[in-house]
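Okay, so chain A shows up in both of these, paired with chain B first and chain C after.
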Partner chain A sequence: MSKESIVTVSIDGKMVSVAAGATLLDACRQAGVDTPTLCYADNLTAANACRVCVVEVEGSRTLVPSCSRSAEDAMVVQTDSERVRHSRKMVLEFLGSGVDLSQADDLAGWIDYYGSEPDRYGPDRAMIKEEVRIQDSLYIRDYDKCVLCYKCVSACGEDAQHSFAIAVAGRGFDARIRTEFDVRLPDSACVYCGNCVAVCPTNALQFKTEFDLRKMGEWKPTEQAVTRTVCSYCGVGCNLEVHVQDDTIVKVTSPDDHDVTSGHLCIKGRFGWSYVQPGQSAAEEGD
Partner chain B sequence: MSYKEIEEVDVILLWGSNAREAHPIFFHHLMSGLDNGARMYAVDPRRTSSATFADVWLGLNLGSDIAMSNTVAREIIHQGLVNQNFIDHSTTGFDTYAESVEPFTLEVGAELTGVPAEAIAEMARAYATADKAQILWTLGITEHHNGVDNVFALCNLALLTGHVGRWGSGLVPLRGQNNVQGGGDMGALPNKFPGFQNITDPAAQAKFRTAYGVDLPDEDGLHLTLMFEAMDRGEITSAYVIGENPADSEADIEFARATLRGLDTLVVQDIFMTRTAELADVVLPASVGWVESDGTVTSSERRVQRVRAAVSPPGEAKHDQDIIGELARRLGYDWGRPDSIELWDELRSLSPLHAGMSYQRLDAKGLQWPCPSLEHPGTPFLHSWLWDDDLGGHPPAPFTVVEAAGPKEELSVEFPMRLTTGRALDSFNTGVQSGGFDSPIRYGDALDINPADAASLDLLDGERVLVSSARGSVEMPIRFQPEIPRGLTFTTFHFPEFVDINVLTSDAWDKKSGTAEFKAASIRIDKIEAPAAENHSEVDHHG
Partner chain C sequence: MADLHLSEDLASEAEVSAIDSAIAELGLDPAVVQETPRLVRGGNRRRASRRHGLLPALHALQRESGWISPGGLNHISKVLQVPPAEAYGVASFYELFRVDSPPDHDGNVVHVCVDAACQIAGSAKTIASLEAQGVAVHRSPCLGQCERPVAQFIQGRQRPDSVEADGVENGSIDGVLWDLPQKHDPSLKLLARVGRIDPTSLEAYVGSGGYRALARAFTLGASKVVEEVLSSGLAGRGGAAFPTGIKWQAVAAESGQKYVVANADESEPGTFKDRTLMENDPFALVEALTIAGFATGATKGWIYVRGEYPLAVQRLQNAIDAARDAGFVGQGIARSSIEFDIEIRRGAGAYICGEETALFNSLEGFRGEPRQKPPFPTTHGLFARPTAINNPETLLNVLSIVLDGGEAYAASGTEGSSGTKLFCLSGNVVRPGIYEVEFGPTLGEVLELAGGVVGNLRAILLGGAAGSFVGPDMLDLPLTMEATRDAGLSLGSGVIMAFNDEVDLGAVVTRIAEFFRNESCGQCVPCRVGSLRQHELLESSLSSSRGEEPLGIVSGSAPALLLEEMDRVMKDASICGLGHTASTAVRSAIELGLMRSSR
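Right after this comes the complex of A and B.
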């Protein structure tokens, strides 16, 4: 690699070199600095929506989102300054005050770490209260948990599926991810690839199998084994991660770092496995 | 080829493939190519969901693919856009080929294909002048009585322009089943040993005879279509069917079923009680390959990847390898109980293409064959030797003159419409696997028809009709599909328990490949006259 294609930045006092074009998040990772993210995913274009990954760059008036800001030579970055901690704390607190983050597993530790207290806004604070939308037996939409991170929109649109079945509609507190004219999912452009579910960071989008098991109190992630294998349908060779609980498949995903899928699947790979265990899946036992 | 290549390509000819539905994740790579600026031409009788992503859809008459490719070739030649250096260095037979396509002027091509001359000319120019271009196809090319000729016709275009054997430029047949490539790799072909070594090659004969310790047949066996003919003649009296459902999937299905019923012994090894298993004398319940057993499969980009057991097989189901081993033991050959690694290592010792693929190396991402040694990185695309000074010791690639024959079955007064079959996004083959989940987007067993054709037959959307070919009749509902050209109908083959569609499909097949002409049958649609009382509301609706 030539000299021009490398930039060196300081992350919390540690010098790291990354390829030109890399982001500050990449540099943080290289420096071994863990960074909270919500709307960012390695297999999607950064949406720049949530601001939970902000860092302080010397000479910059505002904090910058590390997921999107390119690293520049000689940048001096602080990831744990008072300003950064305060900002991250408030972002998590505001998000948590309006929506239910109880199943946002990756955030729980950060909420603790920054001491966010969403409850301090009192019981009368505005919360999203909508009925869980169950319109088919493949996945559900629980808007109470949606933080409008746009990941599902990107996965449905130009980052993967190119179906463009959903977008953000409405403004302010009434903004929601919607199908066209809010039609039922089976009547929309959705092709049920489930890529939106796979990227959702808060479980607002949830596979029906998981939803049913949770309802029965039977969802036990710590008892689940994940095995990597290859899809049984067409010849593309998508790798699947089969999540198994009690010798039963409860969920299928694909690794983000897999060259063939980048974590994205089609309806057959994502949902077409029930033939392996006829009559056993939670979806069939549920309501 | 590697899937990544299409993300960097300039021109895509998607020919007889509905990858958006049949190979959805490959289509993600293709869409990245489009996002990066590639221009796509979709050549298909139907305006498929894939074709809606194309810059130009060339809706050719069913089975006029060779007329199309010959016209494209003539246009490239006459516009002076051939890659002369490549032709001179790497090919033979150009002059004869050029002469053979000479009659296919744009006007003749437009007449034969039904596609406007300007569109054909534009595709020819775009393909020939692109830096990197790919032709992709699937069963829309191969499931014809002249499927092999169709493939040759596309290869000719690549040879004409040098769009082969380079990163980004190539000929891409997409594989339809998760291990159809691997089946070939392992020698599940009538004329090959594992690793595509010829059965008739004495050196290969000797190698496998020594390794297996038994005498082996030294002439080619029969492919599936010939097997059925041999069964029909009484030359094959027993069959052992593993993981295949020919009693639903064969073209001209009544013939196939009668033939299977006529066998002395039929053994079926499957994970389901399929229609074929129902005809069997013995059914051997097997485990599910991809999630109850360990092993490998080979994908469309020749990538060998590991499958791993994640759940236990139900009841008495056993792994395929254990069933076969147990059968062998009872036939007097005790192979012990080799595990998947031992079986794979035996394959590696016999197939140079796979020799470098240890399980350890396959573990993370798999490897693309040929991979002859443990140091070899695998091969991202084939035929790069075409660009070597000495052609890597190969003879030059020949142009192949092909006849522009249409479908075997012509249209007639009795059967005036075309039927073609294919896949839908949420379903797979005879539906034994995909029928197991509740898809919200499954519309089922409908016959797609242009509303104008339906109107001329006095039919309503959703009406049940009688569809007949020279081989039989089935009842099924129709579905109005404005995108399908007049005279053409389409349905999937995923619901044989509801609509026995292969009762209708053509019994013509390609003598070179053994593949039946699933893609082109001639049919008639008749209104089913319901009893007057029940029909009342429809009559009103009509009025």
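Right after this comes the complex of A and C.
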């Protein structure tokens, strides 16, 4: 690599060199600095919406989102200054004050770390209250948990599936993920690839199998075995991670860093496992 | 057809015809459905060829049917090859489009302004009396008619939109010339023609010195025009005060397709200057934008006008058409080899679209959500091409800069603020209206131009809803960019709204908080939730419970400290200026002691 294609930045006083075009988040990772993210995913275009990954860059009036700001040579970055801690605390607090983060496993530790207090806005505060949408036997949508990170929209759209079945509709706190006129998923352009489910960070989108097991108090992720295999449907070679609990497949994912899938699958790989366990799968239970 | 998934809802014949003619007006063939499936990709964000027709098509459907019907949306989606979920996401973003079936399909919708100037002039009474007559009323954010409250914007069903405001009949193009408070002042520059010449006549425009600046620009050459703008010290008049010459220079240095855009989405509460200019001197904006295009090497200009300014749209379109007929717009303008054309786009009710990158998204047919900067518009603007974007007031200054030279312009005003500035005076002043002053006079002196304050002055909102309240002790503040900056204030868009001691300022400030809550696009968390919690906190602190005196908010109290915490994250971590400034007025009001109780 030529010298010009390397930039060196200071992260909390530690000098790190990254390839030109790398983000500040990449630089933070290289410096060994753990950074909370929500709307960012390695396999999606950065949405730059949640602002939980903000850092302080010397000379910048405002904080900058590390996920989508390119590292520039000689940048001086603080990731744990009072300003950064305050903004991260407040972003997590704001989110927790409006939606249900109880299944956002990756956030719990950060909420604790930054001391966010979502309840201090009082019991009368506006929160998102919507019925769980159960419109088929493959996945459910529980928008009380939606943080509007845009990941499902990107995965449904140009980052993976190109179905464009969902988009953000409305404005401000009333903005929601919607099909056109909120038509039922089976009536929309949805092809049930489940890539939206795979990228959802708060479990607002869940496999129906997981939803049913949770309802019964039977969801036990720690007791699940995850087996990596190759999808048997066609010749593309998508790798699958089959999650099994009590000898039953409960969901299927694909590794984000897999060359073929980048974590994305089609309906067959994602939901078409019923032939493995005839008579058991949620897909056969019907709606 | 490609793989668009549309429901079975069909558009009515009238809807099809309305949508198709709106699309045909843009020079797009509504019958052409491109065969390539790639075009379907709504995510193909940079595809400029058809998707920019979305806003005009939605306007046509709304006017025809009174709402965005599923059948109509299907037709738009098919013709423009936009996925219906995305088209719905765009339609539902805007105040002027409704996506649920209206109870009364036959009627117009009356949008009544409830922001500060109209609020204190009694918009609540207007709404009550309209509703008593059975009129469908929509509580609207500022309509930019603050000098003549209470303002109503009448969104027509199968008829043109119009505006009704105090004592003014301006629904038609034959409307009377606007009566400017300063009309006999010979020193006016930006307002020189306003109310004096027929705004619909190119002949009158040319007769009063119009198109001399364009001729002079051609004589100077593009790079010299940029130099003059640079040396003039002209700074943007929208609030950020960015040097216009630096913007133009950056765009001029880029190659390939470039654009110039007039940001006429004037929506800052209390602001009505660009409307006054566009309605009464539309040719000046057309000429100034043409000079901007020539100077930066852009062959296409766009004017994005807020949807609630029907008269401005009408007069600008008339001006563009007349200028095109006379050879001032189009191929080989003014007998040169220069090509430059202008297209108007109407917004549809969204304050956020005044943010430049949100405006680009809106114009391109996407939701009006701001983009992360960098990259900046000078390299990645409209359709991801280098773009110079300025508001009408800023652009109009260029005419005298080109005619008289940058040095002469820089000599006017003060050291740090050259030229003249339009101030929008409203509220409790004797003669509300637009006032043009050479930078320098104090706040008190500008107020005196408007005849002073009615009653005892309690506070002034300086710079708009995104600005700050100041007290009577600030009347000696020079209204220059440097003096306001040093005082921790901003001139913003030139709003000076006065309030006397009879106004319920708690209610005014709470409404400002509600404004930001309603206008936040929802993209980033700090602004989406912060603006909501701020409004909730003000409402609960200022409303009386069980007949007790409301608590109010005083400086240093628990709610004031919480607001400060919210303000900090909105300022530090929001994507755009809306979030950055959503708390500024509220906090200044608390510091001034305006929120002690709602009286």
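Everything that follows uses one rule, which is that the second predicted complex is superposed on the first by the 280 of 287 C-alpha atoms of A that agree within 3 Å, B and C clash if a C-alpha of one lies under 4 Å from a C-alpha of the other, contacts with A are read in each partner's own complex, and residues count from 1 in each chain.
We adopt the following convention: a contact is a pair of C-beta atoms (placed from the backbone, for glycine too) under 8 Å apart; a residue touches a chain by one contact, two chains touch by 3 or more.
Since the model is a prediction, treat every value here as computed from it, not as a measurement.
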Subject >> Touched partner set for A:52, first chain B, second chain C, both or neither >> reply: second
Original post:
Who does A:231 touch here: chain B (first), chain C (second), both, or neither?
Top reply: first
Original post:
Looking at the overlay, does A:239 come into contact with chain B only (first), chain C only (second), both, or neither?
Top reply: first
**OP:** Determine, under the contact definition given at the top, whether A:158 touches first (chain B), second (chain C), both, or neither.
**Re:** both
Original post:
In the superposed arrangement, which partner chain does A:271 touch: chain B (first), chain C (second), both, or neither?
Top reply: first
Original post:
Of the residues on chain A, which ones does chain B touch that chain C also touches?
Top reply: 158, 162
Original post:
Any idea which chain B residues touch chain A in the complex?
Top reply: 3-4, 22-26, 28, 31, 35, 53, 174-181, 271-272, 288-292, 297-301, 303, 305-312, 314, 365-366, 425-428, 432-441
Subject >> chain A partner contacts - residues on chain C that touch it in the complex >> reply: 4-5, 7, 40-45, 70, 73, 83-89, 92-93, 99, 350, 367, 372, 517-526, 528-533, 536-537, 540, 562, 565-566, 568-569, 571-575, 580
Subject >> Of chain A, residues touching chain C in the complex >> reply: 48-52, 54, 62-63, 65, 68-69, 83, 86-87, 90-91, 94-95, 97-98, 120-122, 124-126, 147-148, 157-159, 162-175, 178-181, 183, 187-189
Subject >> chain B-facing residues of chain A, complex >> reply: 135-138, 158, 160-162, 185-186, 190-193, 225, 227-239, 242, 244, 247-249, 258-262, 264-269, 271-278, 283
